[in-house]
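Some structures to go through are shown next.
Common to both upcoming complexes is chain A, partnered first by chain B, then by chain C.
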Partner chain A sequence: MSGRRLFATPARRAAVAPFLWMLLFFLLPFGFVLKISLSHAVMAQPPYLPVFDPAEGIAALKAAIAALSLDNFRLLASDHFYVLSYLRSVVVALVSTSILLAIGYPIAYGMSRLPARWQPIAMILVIVPFWTSFLVRVYAWINILQHDGILNNVLMALRLVSAPVVWLSTDAAMYIGLVYSYLPFMILPLYATLAKIDPALLEASADLGGSRLTTFWLVTVPLSLPGIGAGALLCFIPIVGEFVIPDLLAGSASPMIGQTLWLEFFNNHDWPVASAIAVVLLVLLLAPLLVYERVQRRRLEGTR
Partner chain B sequence: MTDEERRDFEATAQADKPLLQVDAVVRRFGEVSAVDHLSLDIRTGEFFALLGPSGCGKTTLLRMLGGFETPDGGRILLDGQDISGVPPHRRPVNMMFQNYALFPHLSVRDNIAFGLRRAGLPRAGIEARVTEMLALVSLDGMEKRKPEQLSGGQRQRVALARALARRPRLLLLDEPMAALDKKLRENTQAELMRLQRRLGMTFIIVTHDQEEAMMMADRIGVMNAGRLQQVATPRQLYEAPNSRWIAEFVGGINIIDGAVESSGRGRMSVATQSAGPVTVATPLQALTTDQVCVAIRPEKVRLSSGEAAPDAGDAAGTNRMEGVIAGVSYLGGQTRYQVRLDRGALLHASVANTVRREAEAFETAQRVVACFAPDDCMVLDR
Partner chain C sequence: MMARPALARLSPFNITSLALGLAFLYLPIVILVIYSFNASRLVTVWGGWSLRWYMAFFNDEAMLSALAMSLRVAAVSATAATILGTLAAVALTRAGSFHGRTLFSGMLYAPLVMPEVITGLSLLLLFVAVDAQRGFWTVTIAHTTLTMCFVTVVVQSRLGSLDRSLEEAAMDLGCDPFLAFVKVTLPLILPSVVAGWMLAFTLSMDDVVIASFTTGPGSTTLPIRIYSEVRLGVKPEINAICTLIVGSIAVVIVAASLVSKLSSRQGENAAPL
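For the complex of A and B:
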């Protein structure tokens, strides 16, 4: 097919847009980051070497390419600090995604069983927190969780604790913040799949002797698996790279990878190591995406 | 079916008590009574059809039998036991859903085995029953497929096998042919009848298609506005409707309003404005007033060309009316004529095309005589 025919219709031209977007705003910047991750830090402007300068000719360019090395990646693999940071990020993301699923599923399920006219209202209630700045909401949690904050006051008034509990700068505070912030991302895809389930399927299950619980486990849950996958990915991936919430709510003892990256970039001015961290993070996050994509494809092939 | 089960079945069939008794059941949605003090008895082994226009309450009634709706009043007795409050999963009743409601994530085998597993049958028993059901609906070899991989007709048969697998006392079928094309529908109807006879099971089918109801059912209950208008065999329903509404709802009909003039010796004379005096057989049912209507089915109206002399001395008192052919619709097996009578009425006549030649056909604007026997006329309240 000739190029002219490929771009013949506006619809086809529009189909090119996402690829152009990916090229301009993802692949190109990622190329820069990848290149910097293969460089080494220097006290200069820019703070890394080698620098590609086409004006200096092909020989200089060849020398620059030869100067690239995997040293930064070797550092990441050999230093426990980075490995632990990655591990902690993955563990935190796994734990919070599990909590999010445990809380989000019942909420989404409840929403999908509401009378049709109440469902849009429930949906708006889930989205409403987005109308306030994310940062303001996290600071609000600092207010609630601090030494003489609302939470401690309520717990003391109910005589559940005798002295104020230390919440801030703990993992508990971080998980509260993470779950609170990401809950809509878990609820919305779950709700979308649950609401799509044909009520006749639930009736068919009941008709064939399935109790409510059996029907839930054998019909509702399997049919909502795509929603569970989408919700889990939408939460897991950004949480792995999360910076603000752990920085404001958790202690500084063991940073998540996002915090480590920030540290390298702004405190140590080590752009190459920061870039290497970002590259490894991206590769790490591609893994669950690829698994999800493969499962989805197998599901589609299975039904054909 | 094993011998033991057959004996059980015959023992129940012999008992006089109906299998299902619907007793003054009411179901309201807000102000509207979808089912309004409806009573109905169904015998064991019967193929019963609930027929009616959309919104008449037939599906609501079926859903109450399945347990998906709870009556607001009245009782539903199965084998003499009130099941009105029993949830669907505890009823010995199964339903075949309108769009089949097959579980999309389960294979054909697992769909059919679903109810058997819930019943706690041993593994070997389930295997055997699934194989038996697959053979019953001619789906052998399809057990590993997912519902999406099946054609509409195959899906319908999986739904049937799944509903039959638990050997319910009563099988409910909600518009089971609605999603099938015409040709497939006719085959499936015949197959469903054979299956029902063979299993000796009791079927209740909901349909809005009167031909389907007539073809399959032993008895038909015609519903309108939440009530049963008439419960009768297909023939009774067509030849002896109990009201003008039924007469107009079931099949095509000519209706001429008139007033009773005289009556005696099994004959009644009705004076009509648009067709003159009509002689009819005295109806068996009592009429409330002498303001009546005469109803005659189109295939019972015979046409002859206008020039032909009427038979002299017709003792039966056949009605003869002159008119002009106003419209002709050729439908293959039959031809439908519209005859504008000289007195004004428009009479529909359908003539079976029993010979290939066109010689017997009438043409538009041709003068004809329309004849019909008094015994073929029905007299109903207006």
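For the complex of A and C:
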């Protein structure tokens, strides 16, 4: 035990550099987002009115606070474009997380029932696509889904359709891209909990007369709930703010909120509105983020 | 007959879902690789095997300079992220409880799922507020911030499963904690530190959104460049570039798994993520 206590203080010192780094480059920037979301857009560089300059003292601070405005947030609440954008993001994230769960669960379940020496190989096979470039994977689907792409060629060769189907720039393409890109994030936490289930419990259920299906629903599924939760959060939160996949695969008629933020920032140069969108998105994601943080902390620090 | 009971656990449904799942994960990449060798300009009409799109890439100055930029950003940010992330993992697994621990772990886990548009925008606003010249260093700082969190998770899961009596024995035998860490702990966690560095490198080579926010004129990274080309439509040259990316990642993964097999015979191998 002597060593354990000796280690604690230097280990605490190890926290200093990463702590300061994350304060400076992760937490502090949110302060700037909040500040600029409360200011007015101007045609300048940078394109927002500075809200507060500490060099000008208390009087200036009062004036600055008086100048803070909620106009950007009022705009977000009153303009249907933004409201619909948020709604669509949440709906898309919910739908794709459900599809991911429906596809990922049988795969993770199959993995957990493989002979023990095959399981690490199956896990590597699932992880490898996660390591290959995300952009490459989305691009691969453009190849397949485009007008004269492989999917249409195959469908026409099989005489399932008589003319090429429009796949690109549709919601179907976007869902395919989302499910494809996030599948490893769903499978791995599911597999981690499924692999830990004690086979004795399944045998006990069978001995007590449970059929395979009853055992699955009454034993396996409840025991894998932590994995379901972790996988769902790991997919849902980033998908709500996803930009590249809807931008490349979906149509431009109804953008998701990540696309709207991008549009306000890069095309309209309206930094205050873009910041306000980010603030609202963050608030929207706060509850799932806090739950996720707790799950992650328990998962990683419970192993000690 | 020995394998029989193990295989009996697999129902036909299990086998089908595994096979379909793996096909779904790999088929698009395989198709992409095959078509990168297509001689035809039309992406989906087969015109025989050819390397012309690879030649096109190696003659594309803008693409090559974007690649060079990305490699530099990825190398520097992955190295910084590995140092910071390993320190953070040590603190989280070895320091017990300390002031701000919840905030610390929260700041390290949140970026893993934080939508990239938020991270990118917030970092850009910070850089603008301090009037930093945007370019190589701002992208590198942004990537370090994101990827050090992934390094922390990878190294932390290894540190958590490590037998601590070894480092305690080293200290009982007179090592100070720093020496015990360098001589005992670090060699044991080295495979996961290397895995963390590689994950950080690949993530940096892959990022479009955060780099778009934090980069400046003249510092285009490869993903930004590919992204703007893809937006304009499919070009066979992009197939070639993507195949090169997949190929180099495959080489790295095979090399890494060989290294970790050679260096960590001592048992449980914490998987990256």
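Keep in mind that, in the parts below, the second predicted complex is superposed on the first by the 264 of 304 C-alpha atoms of A that agree within 3 Å, B and C clash if a C-alpha of one lies under 4 Å from a C-alpha of the other, contacts with A are read in each partner's own complex, and residues count from 1 in each chain.
Just so it is clear, a contact is a pair of C-beta atoms (placed from the backbone, for glycine too) under 8 Å apart; a residue touches a chain by one contact, two chains touch by 3 or more.
Fair warning: this is a prediction, and the values are worked out from it, not measured in the lab.
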Check: Taking the superposition as given, does A:R12 touch the first partner, chain B, the second, chain C, both, or neither?
Finding: second
Next item on the list: Return first, second, both or neither, reflecting whether A:L208 touches chain B, chain C, both chains, or no partner chain.
Entry: first
Next item on the list: Kindly classify A:F73 by the partners it touches after superposition: chain B alone (first), chain C alone (second), both, or neither?
Entry: neither
Margin query: Contacts for A:G149 in the overlay, against chain B (first) and chain C (second): which applies, first, second, both or neither?
Written below: second
Next item on the list: Identify which of chain B and chain C touches the larger number of residues of chain A.
Entry: C
Next item on the list: Give one of first, second, both or neither to describe whether A:A200 is in contact with chain B, with chain C, with both, or with none.
Entry: first
Margin query: Just to be sure I read the superposition right, which of the two partners does A:P222 touch: chain B = first, chain C = second, or both, or neither?
Written below: first
Next item on the list: Touching chain B in one complex and chain C in the other: list those residues of chain A.
Entry: 303-304
Note to self: Using the touch definition from the top, list the residues of chain C that touch chain A in their complex.
What the structure shows: 3, 6-7, 9-11, 13-15, 17-18, 21-22, 24-26, 28-29, 31-32, 35, 42-45, 83-85, 87-88, 90-96, 98, 100, 104-119, 121-123, 125-126, 128-129, 141-142, 144-145, 148, 152-153, 156-157, 160-161, 164, 167-172, 177-178, 180-181, 199, 202, 205-206, 208-209, 212-213, 223, 226-227, 230-231, 234, 238-239, 242, 245-246, 249-250, 253, 257, 269, 271-273
Next item on the list: Spell out the residues on chain A that touch chain C in their complex, using ranges where they run on.
Entry: 1-4, 6-12, 14-15, 17-19, 21-23, 25-30, 32-33, 36, 46, 103, 106-107, 109-111, 113-116, 120, 122-137, 139-144, 146, 148-150, 153, 180, 183-184, 187-188, 212, 233-234, 237-238, 240-244, 247-248, 258, 261-262, 265-266, 271, 274-275, 278, 281-282, 285, 289, 292-293, 296-297, 300-301, 303-304
Next item on the list: Give every residue of chain A touching chain B within the complex, in rising order.
Entry: 198, 200-201, 203-211, 214, 218-219, 222-223, 302-304
Check: Inside the complex, what are the residues of chain B that reach chain A?
Finding: 66-68, 87-89, 93-95, 97-99, 101-105, 114-115, 118-119, 146, 148-149, 162-163, 166
